[in-house]
Amino acid sequence: MSITINVSHNIGKFSLDADFSIAGPGITALFGPSGSGKTTIINIIAGLTRPQRGHVQLNEHVLFDHARSINVPVRKRRVGYVFQDARLFPHLSVRDNLYYGAKRNPVKLSAPDQQEIIDMLGIRELLDRLPSNLSGGEKQRIALGRALLANPDVLLLDEPLSALDQARKEEILPYFENLRDQRKLPILYVSHAIDEVARLADQMVVIENGQTLASGSVFDMLGRTDLAPLAGQFDTGTVLPARIASRDPKAQVSFLETAGQRIVVPYLGQPVNTQVRIHIRARDVLISRTPPEGLSANNIIPVTIIRMTESTENTVDVSLAFGHDTDALHAGTAPDRPILHARITSWSSGRLNLGLHQKVFAVIKSVTVNGNLRDH
Amino acid sequence: MSITINVSHNIGKFSLDADFSIAGPGITALFGPSGSGKTTIINIIAGLTRPQRGHVQLNEHVLFDHARSINVPVRKRRVGYVFQDARLFPHLSVRDNLYYGAKRNPVKLSAPDQQEIIDMLGIRELLDRLPSNLSGGEKQRIALGRALLANPDVLLLDEPLSALDQARKEEILPYFENLRDQRKLPILYVSHAIDEVARLADQMVVIENGQTLASGSVFDMLGRTDLAPLAGQFDTGTVLPARIASRDPKAQVSFLETAGQRIVVPYLGQPVNTQVRIHIRARDVLISRTPPEGLSANNIIPVTIIRMTESTENTVDVSLAFGHDTDALHAGTAPDRPILHARITSWSSGRLNLGLHQKVFAVIKSVTVNGNLRDH
Amino acid sequence: MISLTPAEIDALLLSLRISGVAVACALPIAVLTATALALGRFPGRFILDAIVHLPLILPPVVMGYLLLIGFGTRAPLGAWLYETFDIRFVFSWTGAALASAIVSFPFQVRAIRLSLENINHGLYQAAESLGAGPIDRFFSLTLPLAWPGIIAGAITAFAASLGEFGAIITFVSNVPGETRTLPLAIYTAIQTPGGELAAARLAALSIGLAFAGLMLSELAMRRIRKRAAS
Amino acid sequence: MISLTPAEIDALLLSLRISGVAVACALPIAVLTATALALGRFPGRFILDAIVHLPLILPPVVMGYLLLIGFGTRAPLGAWLYETFDIRFVFSWTGAALASAIVSFPFQVRAIRLSLENINHGLYQAAESLGAGPIDRFFSLTLPLAWPGIIAGAITAFAASLGEFGAIITFVSNVPGETRTLPLAIYTAIQTPGGELAAARLAALSIGLAFAGLMLSELAMRRIRKRAAS
Amino acid sequence: PASAWSKDITVFAAASLTNAIQTAANRYKEETGAHIRLSLASSSTLARQIAAGAPADIYISANQKWMDWLSDQDLIMANSRHDILANNLVLIAPTNSTVAPLTDITKDTSLLGLIDADDRIALGDPDHVPAGIYAKQALTTLGQWENLAPRLARADNVRAALSLVERGEAPLGIVYRTDAMISDGVKIIGTFPENTYTPITYPIAMMKPQADNGALKFLVWLLGDDAAAIFADYGFNAVANKATIIPDTAAQ
């Protein structure tokens, strides 16, 4: 997917200046505080809001261009939009709501695919109800189903899972990954849950007060501690691409390889050499002066402290570069060396007498592995 | 607060049988999957849904009693209800929406208290808008403000923060704690975010499919691994009451004491001997065979393995009782001994050769301290 | 513009007064009736609904005749009103207003009711939980949210009152300056061979009046809708 | 119940036929007009609005006269219709239906428009994003969501048609069996000394008819509202 | 309101008298300064209003029936009832009509033969409009009623019938001569013989209770020659043997 958006738009006192461009396929997270303009941006892409200036491009299609007076009508944009408020049609049964878009799209999903969506969302029993007889989360699931069944060319999801419980989310998130990977569907995803974002997103755009604060690969963005206040204090971390090096079905583990380092994770179904993505949160990284023995943590990685920042609340953010070969690091010959982030208390830092350029060990409590990575 | 609710109610094919009783003041979390009946229960307490059988009591007030034909009218119940959908009055400005309840309550909040709420919610600039010109999260904040400004006797919050970003939540959550602690306001809180629940709630009621699955103190409930599928897989843990034993402002740490065990946490403002609550998640606990040295984790606690359960996905849930005096544990003379939970991979368990009754060390990566605890 | 004769001005002002009074007096009752029909659940609901529609179904002449029978000074009610309060409807402009009000009542009720039935019930629940009693809710929610319907109803009723003929001529007769409204004046003109020109002038006057009223109401409506757009 | 005379049955059936045809034919046009007024933004919008209200404002007699001028067999339009399609309005029941339709048109438009304006715009956006074009949206959203207003408008119009008198008698005269509807029959009876009883019988018939219609519509409405409650 | 009415003389007059009675009232005001309040509607409407208590001083009906009806209810001042005017029934056609004027209308004149197959003859509704009732009598006497009944356009009042003919919707109409004379759009093509229908007379009477002498004076004036001249201008005939009995009260 590539999305290029460069628009200005004023509503009341709010002025939006969105300017970002996302290359490469996958899921793009729109992240920002309440009222920052996320929904407005989605509306502009869907064509529901016509910006006052600028242009919007999705892949090779120019959707909007003020200068050239191009404005593709909403219904031709073939977007699957899950609105922040569900917007179900009150006079139609759940079934008719679900198939509203599907009926109107000549390119239909196969019947099994449709049934899979309905089962995944757990809405089979609701099909004959009217929307007024649904709970909040049920409405949200129907809205999601309606957009998915329409078999769109791009998915615009405005907080699609906010009213759902964790268990249900765990069932839906893999489906999004699947859409991205199998059907190559570009997805724009608004969410306040950094967990979801870290897990799903390939690209990330951070909006604040109508301005694009930062945009780029989720690998970079999640490590940027300057964005932490937006994301919530404990949730920065590192996302790394990795390769399945070998698997041990009996011991129920897989061994990954990233930047020459072996990482042990619970058994993964995918074949050897599959590219995956691992997410290591700052809060899940401990620092040890010596290689610890007899510890349940499976991954202990030699690292070098390359930055230490006092942050608020008596904590220190420590950046750790893979490897103990400090010379290479200093010479700048290892610019692509992965960097882990750890957040520890000042007290602990003082107790261990940590300092810059020290060679220490990163003890990683847990690693989240997120599905397949596509070629990039 | 004490809430006793014992009602049956059928809507369509859904039948609710809520039966729980919560003693003691504080915040009660209503937890359960989408469509399980949480909103219905809240509606029954608010008086908006009249149950077909049973009774509802709030403190000494009988709100509803089918047998005795008691049904206190909604407006006399003085509830502050934040609806799952915001339900702002479309024809009134944000200001008039906010003060709608306040105007109708003879017992008003002081002007500074009102202003504090408005500032906390960050809605001062929206006061002259109409609800139709607000973003999703802004609407939710106004709805919350409207309920709070009405100065109710009980707060009923149906996912009040679902559309808000983490930073905003961090500002609002302490306010709820404050209401509970200073104003002794009973609060019923529906949320899907176990973080919020663990942080805020004193009591917890778990609903599934219209039935009360479990109810009780949040200390007990969060340790119940059988409820984990509902809570999401990585989020069980332990909540413990603790006392501030001493403080070191220079080193920026406080030392807590719980069950004879010293716990180090970042500096807390409260005076020595204040009762607080600590939350230790299963995912934040490592197990070590030997007491590790030079590790950034501040808390290493001698524990004994008292249970090991294989759970799904190649992980083992390990329950760890405080202390190494296995005899006392076996003799059952230490029934109140705190229990930590750790979730580790099977591979790691095999590698360390862990077994029942083994004396090991719990390495605690991080501890969340949640405000004051009231007397209990 | 051609200047108006005194008789035309008389008829115009009278029409305005009668329609204005009719709508103003009937409106509160229409709001209450519509509220009862839309929100209430009581035994006589259907009967009330039917009675409200009666003036529509019965030809205006019959309505006028029924009014004559009911409020004539020889009728018990009319006589009592006359003797006790010196109120006389028959053959006075107040009677014309009464007739207009009754005949245009169904339009008001229908429009208001339609608006009331569109109000989201959840808003009432919210208001109730915030301590608003039924009357409070009526004034703080029902009325303002039903404004579009109330205005629409009032306009339709005003327009219908301006055009009301049968009930007025039957009930209060056709007395210049007292009950000869524009439609009655048009009728009188038409009764005269060669009176078409006079009738056309009067009709044009009616139309102009109505356009002005519509324009005003449209502006009011637009402002309200702008506020309540959701 | 007292049995009806053939003349009464004639008038009853004729009234039903005329009102039914009037409402049925006017309804689609009313829906379109209301849609244009409620949702459209075009230059002549206000003029259209005013024209729709005209039949309300002008006394029915004037409307009848205008119809005579427009659709009489000597009028260009009427003559053309007569010669080309052999459609003749004057003195025939179709003319009565035309008069009824025109006079009751504003009620339909008002009610439908009120319902249309209440439809949440967000639903249109959702439908559009799901690939529904304007006509598709009209049939899949607008129409079903405006049902309560359409029914309310149709009922009011039907009731008003049943009671329509002035325009009919002026346009198509009072021909027994052809254009003498219930109101005309009542009127005829009332104009005769001692005709009160006959008039009362006919009025009772009107009222019964209207009650039945109301009852039916109320039931229909209730079913619709049950579906769409939100 | 009641007091406002009492100052004036209130006259309820049949709508077909509109122009004539207005002119008469104006003239009377010029001569005496007395203000006349007129209410013009159909005879039946007016009669019913009087029965319901309308404060009418004088009632002029377009036919005898409604005056009888009031008289039966004892609402008329004794001796005050007189026939004030007379009228004739004529057959009219639009000015541009090609129908040749008839010298006489007799049993042999086929009115039906004068119109096309789907045309109608306009007249006041014979069921209640006085002009129509007279027309029915005439047609019956002429033996044409049976044939013509299904071919009639029954108008609400004479003027409506007249305008149907003026507009050419009906090629023929039966109306009062007064109406036919004043209209530019029609021409008289025949007069119905006087012996074919009851003489058309407009009765006038004082209503009970009488407010003051002014009304009676006006009634007497209306019966006088000045008024007769005015009525003649509008095409009305004088009543042949106008009664001259003035009620007792007038003398006082």
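Brief remarks follow.
Should a chain be cited, it is by its letter among A, B, C, D and E, assigned in written order, with residues numbered from 1 in that chain.
Please note the rule applied: contacts are C-beta pairs under 8 Å (C-beta built on N, C-alpha and C of every residue); 3 or more make two chains touch, one makes a residue touch a chain.
Since we're looking at a predicted model, the values are computed, not measured.
Shared contact partners of chain B and chain D, listed by label: A, C. Fitting chain A to chain B on Cα positions gives a rotation angle of 180°, stated in steps of 5.
Here the CA centre of chain A is 62 Å from the CA centre of chain C.
Separation between the centroids of chain A and chain B, computed from CA atoms only, is 27 Å.
With centres set at the average Cα position, the gap from chain C to chain D is 20 Å.
Taking each chain's centre as the mean of its C-alpha atoms, chain D lies 36 Å from chain E. Counting only residues that touch two or more partner chains, chain E has 48, 163. Among the residues of chain C, those in touch with two or more other chains are 65, 120, 190, 229-230. Multi-chain contact residues of chain A (touching two or more other chains): 85. Of all possible chain pairings, those that touch are A-B, A-D, B-C, C-D, C-E, D-E. By the touch criterion stated above, chain E contacts chain D in their complex at residues 42, 44, 47-48, 65-66, 68-69, 118, 120, 122, 125, 127-129, 152-156, 160, 163-164, 167-169. Taken in their complex, chain D has these residues touching chain A: 120, 122-123, 125-133, 136, 140-141, 144-145, 147, 227-230. Across the complex, chain E is touched by residues 65, 68-69, 72-74, 88, 90-91, 169-170, 173-175, 188, 190-195 of chain D. The part of chain A that touches chain D in the complex is made up of residues 46, 48, 73-75, 77-81, 83, 85, 87, 89-91, 100-101, 104-105, 130-132, 146-147, 150. Considering their complex, residues 11-13, 32-35, 39, 84-85, 125, 129, 133-138, 140-141, 158-159, 162-170, 192, 194, 229-235, 251-253, 264, 266-267, 283-284, 286-290, 292-298, 313-315, 342, 344-352, 354, 363, 365-366 of chain A touch chain B.
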